[in-house]
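In the part that follows, the structures are each spelled out as structure tokens.
Each of the next two complexes has chain A plus one more chain, namely chain B in the first and chain C in the second.
So, the complex of A and B:
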């Protein structure tokens, strides 16, 4: 059956293509990108790095896109021979992971094959991929978008979801409508008050299976179709913005929530004000039992239909990223605030070039719940406004200042309170202070030196049982030299000087030419958690040589 | 398995045929403005003058360094070459509502669009950000560059002047 499908697909792919090539004689255009990451692993018992039996680990992928007018076709080849450390071993293998044909004009887009899509903020549907954390929630099926009238966009889709090298058994169907009210009426188009509204619905179908209830001898009567809907609004007035999305999900007993029948809900609020040189924004969210997967028994990082965004700031400095926040789709509440301010040039604090200040803080807690029972019951009740167990607090202040045409400094202070529960292991909460100094010196045209020093003081202690190698107090130094417009070399070391383990040094060399980048590095990598957008994966300790090549054409 | 091989072979044959006479244009994708309006990429024009298209995100440090560096010289570049900078943010739901505050807070004067589910990013084969394209007056991609090292904007400016000079 699968083969018939593929053959059919092949025909579909090639027919319009060859037809188009012959008829138009333009040949269209082929573009693509290639990425290769290889790692030679060595054992290091101190940091817990092991040598893979294959020694060389390789991830590689190539996307090739063909475009001819409104017609597109694409293929993606992926190989994991075997996957790099931290990627799920179920990726091991190679093949065509992604293939589609698409036609688009001003009125509509239609895609057959694999596709990515998002409704609103993604609370009920977001098919996306992130190659660095090894997530690909692509849907295989059919998707369309209609733009019947200025300001109106309708979306519809149906398909199955990628699960490493196969597809999950659940069917995902969805529709979404978005209306930009001001665009509908010419008289409103230039008004300062703008309003946009949206609504979406997603349904999952999966065959029944035998799941034991909490009461011995009984099994669960599982809903075969599970629906989720969301409403959203976005209001703007001059520099002001207010955006809200509320989503609800029907009874969805699944492995993530312990097969309870409680309905799910999520609320996301955003408010912001900005003018040139100053901005502030606030976000709030509440998520209750919203893990929505296309296969009810799935627990891993794949097969999520929806996406619950983390609202904590995505940091880039090493120690500020040491304890990242992982979204708890089963239940959490959070608040986040962000302020940016540019002190004007030619003022006392601004100096000749001005000074940039960026402040951010966030706090995430669990819900307050009262248990009802286990699998087969409603599970628990929760109080909407009550905040539960503390999960995460994060505060950072960054001051960036250009000192002269050749010198620039950035100083950052960060404070993180971390509860290990969010990574699923025991242990007390701990408090971490981080200081970062980042100095850039443009020595001459095309020659730049950058130094980075970081310190982290923590009240965490290394515990042999938990074996969290991030514990303790740390120092880091990094020097980076870029030259000739194409090259860079860098040396860095992270050293735990109290109550922990490890000395992690890395040397790296990179070469960039147009859209091609080659990077070679040698050193040790601390085990940790890599998070992008609140979606995380564990990265084991590694020691060895890595080679990365990317190119786009 | 056989089908896969065939598929792959067919693709490469067609690819080589097509590559020989290639001009890459901006794909047609729907983006959002920072004010929440939907825009087709075909509406992004600059009266026949060059366009810099730069992919970035609020959380990406080198992207911000690059955009700040161009921003400092943007008035001068515009005056001399007529070039327009279009920055495409790939921030997702997590930070998409921070894009406008970030742009205003940084004091940027160029056009910014949002590609929240990374459709344009995929269509233009962007692997890592920052990734910057130089388009000529007809929307053809003339040059692209990935990553940002201090001073890279000079190379970009050189390419823009080259393009203007040819006209």
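So, the complex of A and C:
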């Protein structure tokens, strides 16, 4: 990425900005944000933390966006010198990682450069970034959105995908159409029954390469152009929602599926109902061989063309997050139910302010498959409706109650059954019970005290061979005090009191002013897995000082 | 949009599996032997080499007998029509010469002196190696078919114009410690050339010569087989060949392969593929 061509491109980008500013004095608007995260590492043999040779690690980025009417141009500078623990070391370096120009009017949006895009739920295409996971699947190329008629939106794109500081060799092309049927016809515009339909198609081209088959002297017969298509529908009626998307992928032997030729498919269903004080939803999905990457030999977190949405709850409390679910794009089935209910005010259970109850449960299993062969074959057959090996169960009940104008309490019970298979290693399933008490006390104006206590009882035991430091029974306490409208200080400790090892304490201090936040913390971090939306990265154990600065302008 | 989807969809590749369900192709060095698949067809096959000539008046009768035998024995009988450089093979008028270097080599080796002459599996049948096919081939073919089947042979071919890629697989059905060779031949059907008829005077200018030997893809005596000679051994090799003969109509061509004892020249298995 650090080449002369890009520098020239950037110069060309910047030229109209400066010219416009000088010539008119009102040459549009520049906005942006900056994020800096640094960590000074120390070795700690008890928790398995190591000291990086550089000692000081740092992730930093600055997004700058210029807007002038329908014209946008932006760039993002990133530096990983070196990357923080847990981020892929291939990020090491710095440079302009993202740059684009965009023009938009009522009819058309055109973007040249790097861009993000999603078709439907992302089953066939989702170019996105998540800075906390360390994923950036941006496409470098050209994209457009066309709105030829009210209620119709067409998308088209072509490009190559970011792969840390370079681009993958695969070429991604795609088109998508979405029709809001009610908007098409004025007579339907105000009807409560609303229907939207969508369809997309993505094709990946990658040059041939020699991939040896299991039979000596033979190589895999590779399809160079791999296609994936999807159909989707969304029906709404008053508080009801029914949505479905089905995607199918052609022969795509790749490193993720062991170079088998079975076609992929994915089905995502969602039914929901909501009204004041109550909402519920049920989601179901079935995914079979749907890992779709722009480079067939890629196995890491980068170069995914598509995205399989997670249908497990994204928890925030530490012990409920300890065993997160990692989406199995090669094959899984899942079901999730979610209910939120607010007990009305001035009732026995609702009290003066009402009580919020949130129940969520999800279960994910593998597929039932019959093997055909390994690489170079169709791999397996599977029964569409049969559920296979249990992967994950998550059940949680959260009760939130505002006790007074100054006091609020949240109590949560969670139950997680976790199969280590989803993290790629064998072992018995873990059954974890978690209790969380979260109490917030607004002491005075601008002064808030928050206490959090957590307990996790697990049937897992620490095994030196496996060295999973999440095992065992845990206690956690956290106290956080915000004061002066700008400052906060917190202390927390996670302690494994049975069948495991570890005592992880952290002290943090923060300052917030307008859009700027500065946080300094010192402590130990347990190794584990961080997942956002089912996409995960390993988090190694660390012991050290952390500095975080974010601001926007 | 529909056009765009159609174009993208049409641009997607679909690769076909082989008969065993594998999406693979041979990518080893040409002529290198590697472990191969099991071969389903263990039935005996007979390679019938027929030495013939366009000026040989008995040869059409030999052809007729062999065609009749092909109807009787089906794919078990694999005939080859060989023209050497004797006076019987000198073409009429401006006809193309049907003789080949490989045919000459074999003719000299086997001492072919009369036409037509046939050889079954290069093995003595009834106490003799050569016989006149015009007098009948059934006895020799029956004798060859009754021999124990030492190995199974299979071949597949991909052709791109005049370029051929042939994959040969063999499976030892019995122990056979002697060194082996595999020979690949390019044959052509329906080659029009004037042929003297049995009355000795008539010349059929539209005579269609079948299973005509055109070229040897390997050395005339074959390429060495790299195998341990034990029963159950399965080996495979791939060969490529580009024909430079402008008179060959490649749409009429096919491949004949046979495995022979390197010392005795005895043919142990034969097959053809189109």
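The rule is simple: the second predicted complex is superposed on the first by the 529 of 553 C-alpha atoms of A that agree within 3 Å, B and C clash if a C-alpha of one lies under 4 Å from a C-alpha of the other, contacts with A are read in each partner's own complex, and residues count from 1 in each chain.
Everything below uses one rule, namely that a contact is a pair of C-beta atoms (placed from the backbone, for glycine too) under 8 Å apart; a residue touches a chain by one contact, two chains touch by 3 or more.
If you're wondering where the values come from, they're calculated on a predicted model, not measured in any experiment.
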item: Chain B versus chain C as contact partner of A:208, first or second or both or neither; value: neither
item: Which of chain B and chain C A:223 touches, first, second, both or neither; value: second
item: Partner chain(s) touched by A:314 [first = chain B, second = chain C, both, neither]; value: first
item: First, second, both or neither for A:378, with chain B first and chain C second; value: second
item: First, second, both or neither for A:107, with chain B first and chain C second; value: neither
item: Dominant toucher of chain A (residue count), chain B or chain C; value: B
item: Touched partner set for A:356, first chain B, second chain C, both or neither; value: first
item: Partner chain(s) touched by A:183 [first = chain B, second = chain C, both, neither]; value: first
item: Sites on chain C touched by chain A in the complex; value: 1, 4-5, 8-9, 11-15, 17, 21-28, 32, 34-37, 236, 238
item: For the chain A and chain B complex, residues of the former touching the latter; value: 3, 6-7, 10, 13-14, 17-18, 21, 26-33, 35, 63-67, 70, 72, 75, 77, 95-96, 99, 104, 106, 116-118, 120-123, 126, 128, 145, 147, 151, 153, 180, 182-183, 194, 196, 234, 236, 239, 241, 243, 268, 270, 272-281, 283, 307, 309-311, 313-316, 338, 340-342, 356, 358, 440, 442, 445-448, 450, 482, 485, 488, 510, 512, 514-517, 533-534, 550, 552-553
item: Of all residues in chain A, those that touch chain C in their complex; value: 154, 156, 173-175, 177, 199, 201-203, 205, 210, 212-213, 215-227, 229, 250-251, 253, 261, 372-373, 376-378
item: Contact set on chain B toward chain A in their complex; value: 3-4, 6-8, 10-11, 14-15, 17-25, 27-28, 30, 35-38, 40, 59-61, 92-98, 100-107, 116-119, 122-128, 131, 143-147, 149-152, 154-155
